[in-house]
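Here the chain labels run A, B and C in written order, and each chain numbers its own residues starting at 1.
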Amino acid sequence: MKRFFPILSILTAILLAYALYQALVVVPTDALQGDVYRIIYYHVPSAWTAFLLFLINFVASIIYLIRRSPKVDIVALVCAEVGVVFCTVVLVTGPIWARPVWGIWWAPGDIRLTSTLVLWLIYVSYLVLRRFSTSAQTQVLAAALAVFGALDVPLVYFSIWFFRTQHPQPVIGGGGSMDPRMLRVLLINWLAFLCFAFLVCWSRYRLEVLHREVDQAHALESLAGAGMAEKASLPLSRSAP
Amino acid sequence: MSDVPNNAWPNNVRPAINVHNVIKQFGRFAALRGVTAEFDAGRFHAILGDNGAGKTTLLRAIAGLAQPTQGRISIFGKAPRDACRDLGYMPHPSLLYDEMSGMENLRYFAGLYGIGGDDACQAAIRAVGLDPELPRPVGQYSQGMRQRMSLARALLHDPKILLLDEPFSNVDVHSAAEMVALLKSMRGAGKTIFVVTHQASLLEGVADEFIWMQAGQIVNRTTNARTAASVRAPDSSREGAP
Amino acid sequence: MNSLWAVTLATLKKDIRLEWRSKDALNSMLFFSLLVVVIFAFAFDPLAEESRHIAGGLIWVAFLFAAVVALNQTWARELRNQVLDAYRVSPAPANALFLAKAVGNFIFVSVLEALMTPLFVVFYNLHVLGPAWQLIPIALLGTWALVVNGTFFAAMSLRTRSREIMLPLLLFPISIPAVLGMVAGTTAVLTGDNPAHFYIVLLLTYDVVFTTACLLLFETILHAE
């Protein structure tokens, strides 16, 4: 497994470079939007990657609540962390694209951007909870919150969808068909992003496993050392209370 | 004094509580570090040790309040949460609502155990030497009275096992002695009693066994309070009752 | 099942009695939302014709903040003298505690809403242009939506550092669809421009989904020490 890591890293680097070349040079310019549209090759694959990671987080959290296996909890944690990063990319690139195309940075009624923002908020609160918890069973609390967050997603989507139908919105091209060349490049980019996300998750997973092993060793070893030291001095210092 | 008092069950004691290799870890700190022990029914166990030795955590784990990170605890063969009717738990905080009177408090807690009517509550309050009719809210009790009311709460459902955390701290000598006498009579009535305390001297001649904890482990078990803190190799602590 | 209702009722009665004796939550909630109303009255000109369009938002934001005050109070009461442990060592069902707390909070926040709504009407000179009766299901369902998750997350934040700040951090993101439903629904009724039915259905769905989730997971949360 470990030997596979550098190979995958190199492959991912090549794939990312190829995808970048395709997105910026090979694919034709959009007739209406001009070159600015090329940001979708980052925006959309990031979004898909983030959603996939959040989905894995949800599934892992449910499995954790049933099976209580620490490894599954690490998967959930790692997916939430990396997912939040990709989600941030979506939220930054979205307005950059919207400004020249729609003329505004942010459309509160835009269903995709706004629900992505809510999703981002939910998973940031998930990470905050993990950081602030004083429980020895943070994993359980976090898994429960992840379930709540995932249940919220469809409700967020539909609430904004209906909200939008009642409010005037900028014209957003949703239904238009995509040039097959553009779709191909989009998928290549997604593949490259997925590989990259997988690599990051993998490293983070290994790091977290090590981290927890160190914590456990610390908890059990250092106390053993302290206990021994204290015990050695016991007969001198302690008499019956 | 070093022997078990003569009114104890002599030979047919059965383990009430079985603790197997329990670890409780909080991040980089482990409050319990592999505790393995059996505790006999009908005995009075005093758990001693320094601050941070894991005494309270062990008691909370037995009470089912803290889930072990690893390891297993069984009480009469059941998991702690399933054995809650057999357990009476009295920690150092009173576990009472300050704004309500003693009787109001106990009535509510009796409801949690499915005990209806005032008889059980009144009996429990009288058993600890207080007056059930006292209208004062618990917040205005003296510390000693509050401790006793708290004990009444723990006794309400007539548990087989009593778990007490520092019942003698912050009370005057007289109240502490009364509490000890109370516990002694309950042991006589056949209850298994665990007391976590700093004041081992109060329990000399009362407790059947003294358990010395250190750094999250049981390091010594003896029948004599004076030798409880003496050294033993950590492995020998797992051999069980003295 | 019997014991669930018996304990729920007993706990609810105990909470109401404690609240009646101290009046901590209700007083702080009332004063807090009064302050919010007054500050909003300075921040947004209440005489303007558009005030009808923003009043729904103002009312619910005030109630949301006030509800957080109440939600923190309910569990604070159980933390004093660690009384919560007495519940946790008893055989009483965890969901009875949850239901009692949620219903108790629902009552407190509803009382607050009943007292504060006239103030909003006076300050913002509101008259309802849509079907006014629809405000009642919106208020009831919306309040339950805030309170059910709020009770759950307040219990969750018992196990965190800076507990009182943690509650809004956990509660607000999850509550966004409910808040949107309450605000947009109220505005729809006040202005009479749009039907509010969808928002009532949305709130109902939200309530059903999260009440179920809370009841399924509360025991796990309560014992996660």
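Convention: a residue touches a chain if its C-beta (ideal position, glycine included) is under 8 Å from a C-beta of that chain, and two chains touch if they have at least 3 such contacts.
This is a predicted model, so every value here is computed, not measured.
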item: Contact network partition after chain B is left out of the picture; value: one piece
item: Centroid comparison with chain A (C-alpha atoms), farthest chain; value: B
item: Chain pair with the most C-beta contacts; value: A-C
item: Most central chain, judged by mean C-alpha position against the global CA mean; value: C
item: Where chain B and chain C are represented by their mean Cα positions, the distance between them in whole Å; value: 40
item: Averaged-CA centre spacing for the pair chain B and chain A, given as whole angstrom; value: 47
item: Chain A-chain C separation of Cα centroids, rounded to whole Å; value: 31
item: Shared interface positions of chain A, touching two or more other chains; value: 134, 136-137
item: For chain C, residues that touch 2 or more chains besides their own; value: 224-225
item: Chain B, residues touching no fewer than two other chains; value: 66-67
item: Partner chain C, residues of chain B touching it in the complex; value: 60, 63-67, 81, 84-85, 87, 89, 91, 93-100, 104, 108-109, 111-114, 153
item: Residues of chain B defined as touching chain A within the complex; value: 23-30, 33-34, 48, 66-67, 69, 198-201, 214-217, 219, 225-231, 234
item: Residues of chain A that touch chain C when the two form their complex; value: 65, 118, 121-122, 124-125, 128-129, 132-138, 140-141, 144-145, 147-149, 151-152, 155-156, 158-160, 162-163, 166
item: Residues on chain A engaged by chain B in the complex (per definition of touch); value: 134, 136-137, 215-216, 218-220, 223-224, 226-227, 230-231, 234-235, 238-241
item: In the complex with chain A, residue positions of chain C that touch it; value: 149, 152, 156, 159-162, 166, 169-170, 172-174, 176-178, 180-181, 184, 188, 193-194, 198-199, 202, 205-206, 209-210, 213, 217, 220-221, 224-225
